[in-house]
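Inspection log for the structure reproduced underneath, given as structure tokens.
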Amino acid sequence: MMKLLSIRQQLYEIVFGTETKAGRYYDICLIVAILLSVVVVIIDSIEGFSHQTETALLLLEWGFTLLFTFEYLLRLWISPKPLAYARSFFGVVDLLAVLPSYLALLVTGGQYLLIVRIFRVLRIFRVLKLVRYLGEANILMRSIIQSRRKILVFFLSVGILITLFGALMYAIEGPENGFTSIPLSIYWAVVTLTTVGYGDIAPQTPMGQAIAALVMLTGYSILAVPTGIVTAELSTEMMRQRSLTRCQQCERGNHEADAEFCKYCGTELPEPLIKDPSLS
Amino acid sequence: MMKLLSIRQQLYEIVFGTETKAGRYYDICLIVAILLSVVVVIIDSIEGFSHQTETALLLLEWGFTLLFTFEYLLRLWISPKPLAYARSFFGVVDLLAVLPSYLALLVTGGQYLLIVRIFRVLRIFRVLKLVRYLGEANILMRSIIQSRRKILVFFLSVGILITLFGALMYAIEGPENGFTSIPLSIYWAVVTLTTVGYGDIAPQTPMGQAIAALVMLTGYSILAVPTGIVTAELSTEMMRQRSLTRCQQCERGNHEADAEFCKYCGTELPEPLIKDPSLS
Amino acid sequence: MMKLLSIRQQLYEIVFGTETKAGRYYDICLIVAILLSVVVVIIDSIEGFSHQTETALLLLEWGFTLLFTFEYLLRLWISPKPLAYARSFFGVVDLLAVLPSYLALLVTGGQYLLIVRIFRVLRIFRVLKLVRYLGEANILMRSIIQSRRKILVFFLSVGILITLFGALMYAIEGPENGFTSIPLSIYWAVVTLTTVGYGDIAPQTPMGQAIAALVMLTGYSILAVPTGIVTAELSTEMMRQRSLTRCQQCERGNHEADAEFCKYCGTELPEPLIKDPSLS
Amino acid sequence: MMKLLSIRQQLYEIVFGTETKAGRYYDICLIVAILLSVVVVIIDSIEGFSHQTETALLLLEWGFTLLFTFEYLLRLWISPKPLAYARSFFGVVDLLAVLPSYLALLVTGGQYLLIVRIFRVLRIFRVLKLVRYLGEANILMRSIIQSRRKILVFFLSVGILITLFGALMYAIEGPENGFTSIPLSIYWAVVTLTTVGYGDIAPQTPMGQAIAALVMLTGYSILAVPTGIVTAELSTEMMRQRSLTRCQQCERGNHEADAEFCKYCGTELPEPLIKDPSLS
């Protein structure tokens, strides 16, 4: 029993940790497996392969499914709090990475082609397993989180703009010029405001073209707003040069580099040991 | 009489204010009603529903119209200066939210289909009632207002550029390649400069393609200008915000928004006098 | 003679200056005339008007031409250095604003339709007369001029990139997929890199689509470079808060707001009187 | 022998150096030769020339090939470490500039048209010889290199996003609406996320259009991230530059690049030790 606990402890450091050499090797192997399995899903969607290739792809696919199933069960077993892991973002992602393959087995009738296709495509959500290695607590994420309120206000404004512009174009151009309903006109407004411009729906009347020009110039200009928000936040963040020091009284971190006292409780801070590596 | 005044006072705090609990509930209900009524207008524009669904949509639509009419009259009654409210931006918006529905009743003849369509679409201006909740006095708006002169100069320059490029393309490509008039060529210039690129009008001659490439590169580069303006203004604004609170012990500023103690001497910081809610 | 000189002096202040009331009125009238004459040129390009309307447009056009001719001669007469004015940017623009109308008179034969069209379109260069009122010495222009070397390096890099990508796509896709020559492929590369995307030429082979995706991601990312340059320059410029103070020893300006000594000769600077209005 | 060494030394300063007058002339001649030879390759790809013009282009092409071959051998000979040069980026570029012309001689059979076309197009890689003159050690490159980790994280996130969005659209729209495989759907996701928008593949179902609108808004917003990274890095870099020179009298820094006297005390500033040429 004691030995089993010790094995679980060691496995925990390999599977969840990144400090040990074995842990790093495990991570690299897993990244390679994820990338390969995603490539298999992508290739699988191309039609016109020989029967032989399709069998090989099927075998590979089941190999990866079993591997990720084993990994999920392993993580559940070695985690000190299995339920917390299963409910966490990565627990859900790890489950989603294997679930569609098993669910696809249940619907084998030829008449449910669409559902089978959806299940086969859903296997691509495996790619989310890579998010674990993006270093989610980095400076980029922090800047975006800190400016989430401003970004939300920006998106609400964009939402109001596209609703108004879409409805206006529906009234001016009308179904006879391809703007068959307000939802489609709103879709056109998004295509135009974001400067994508497919050209599948385009204004035909001079009045519609004038409004369209206005939508384009608006979209071209307000692009400055999210950029300004993220840039200003990133600049401030980079200048702050936050240290990794934590207050010994209230155990809260996120202090600026020139701080000598904790900003939350006023206690003197210890000398900083190492700076945040993502800042250098 | 005294009681009626007191009721008006209480209603004023609920309808116009956001501090009381009842005021917040009122706001949430109104937001939900606005969103639902906008969804009804959008769905109403899709053709091919059964007679039953169309009747349901008509009933819902009149329900929302009566609700917003009642709200408008209520606001007129409880406002201390009804005329000032009626003339204000939100007064006009509240009126516009109900007016088209009543006006559409006046033109019921089958021959005025276009006008009926326009009135039905105009009901979407209800979405502007949401602007009230965007927190219009926030840091984003202030940055844009402060840089309005620079943005105006930028738009005038863009206006001169598209006029010149449009006329040039009209001369080079001409009506035989789809550039039938200068207004249409200016529309093409807007489509190209803003990098939307529908492709409904595209240069055919090598000379025209060279000029088009120049327009694209210009549009691609000058996008930097509004972004630069807004970013520089936002950064300044955010730095200004930091220096508002100063320590009463050591008189040093530059504290973060969530700091409660001075990071230089550990003294408790005073409450900030004006705290911008969009910063937290 | 003395009186004539005095009239020239007064006219100079009205026509070239902006300080006097008459000078401001003159400017406003000229701006209105420029805008109206540009509108006439734009409307003139639309086909299908009645004979009557075309005659009215012709009369209006000649009215504006005579007005701008008179203005050009007036400026030549009252300018203290007529040759310097004629050679300056605005002198050339003022001449170009009237020249095409006179040149179009020389080619009246029906067989030179294209040349006549070009001359008629060239009249739109009148719009450049508006540049005088854009306040060309403002903070935007200064930022762009200060970063001209970096912007040049950026454009050279973009030039090398589009040449390489264009040639690569010509080799991969070839004439059979619409990429008929390297110049056309370079045009495609510009359309794609600047994210315009007309869709008139689009890659058909999987290999070509992979390269195209690379071009798009490159264009999407390097857009950050000119924006970064202009923003960084604008921020620095706005923080510097240059004062209008000039050194009394070497008569050079452009000092920072906190400068107490001239950075060019070391003399103490006088107290600043007014700050740069374009900065506030 | 001694004399030969001296000639090698002198040639080295001309060919590799830029300080001497002869070195600058050599550089200008080489730049002109590169640009002309690239123009020849571009023109050569246009079909429909007369036999005479094609012969002239062939002669010019071989002239440039021999010139660049001679230059490559010269550089190999005069370089103090020929092997290090041959292995360096510019050594490889110089070799690639001549190799395709010789390789094209080996495949003269009429049946290898595609290979001949590829070899002829590869000659355009000569344009990379220009990179030598872009001043590769400038502030732009340094900013991009310093933020390479953040940019990599950004591209990985974009990669995950386009994989997910592409697979989702393949499941929703399916082969019947042009989304024939996941690779093609990922290509569509790149076209849409980067706001290029060719329109060759466009969603047809309302559900697909809703997802497409989401992809567009995502692409429109996350464009802010690379811009923010580069801008913040460039600003920091430019501010760092300002603090390099300090006054020897009052020990204060933050002087402008063109300052010769301290703006705080009027003392002459020392010569800056390293002066970035890209800043002036």
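Letters are used for the chains, namely A, B, C and D, taken in the order the chains are written, and counting of residues starts over at 1 for each.
The working rule: a residue touches a chain if its C-beta (ideal position, glycine included) is under 8 Å from a C-beta of that chain, and two chains touch if they have at least 3 such contacts.
Predicted model, so just to flag it, every value in this text is computed and none were measured.
Note on connectivity: the fewest chain-to-chain touch steps from chain B to chain D number 1. If you compare A-C with A-B, the chain pair joined by more contacting C-beta pairs is A-B.
The interface formed by B-C recurs in C-D: of the pairs listed in A-C, B-D or C-D, only this one shares over half of its residue-numbered contact pairs with it.
Interface of chain A with chain D: the two copies contact each other largely through different residue positions, with under half of all numbers used appearing on both sides. Centre-to-centre spacing of chain A and chain B amounts to 28 Å, using the average Cα coordinate of each chain. Inter-chain spacing, taken between the CA centroids of chain A and chain D, is 30 Å.
Centre-to-centre spacing of chain A and chain C amounts to 43 Å, using the average Cα coordinate of each chain. Counting partners per residue, chain B has 183, 186, 195-199, 219, 223, 227, 229, 231, 233, 235 as the residues that reach two or more other chains.
Taken in their complex, chain D has these residues touching chain C: 38, 41-42, 45-47, 114, 117-118, 121-122, 124-125, 127-128, 130-131, 134-135, 138-140, 143-144, 151, 155, 158, 183-184, 186-187, 190-191, 193-200, 219, 223, 226-227, 229-231, 233-235, 238-239, 255-256, 258-268, 278, 280. Considering their complex, residues 195-199, 227, 231 of chain C touch chain A. Of all residues in chain D, only 149-150, 153-154, 156-157, 160, 163-164, 167-168, 170-171, 174-175, 180-183, 186, 192, 195-199, 202, 206, 209-210, 212-213, 216-217, 219-221, 223-225, 227-229, 231-233, 235-236 touch chain A in the complex they form.
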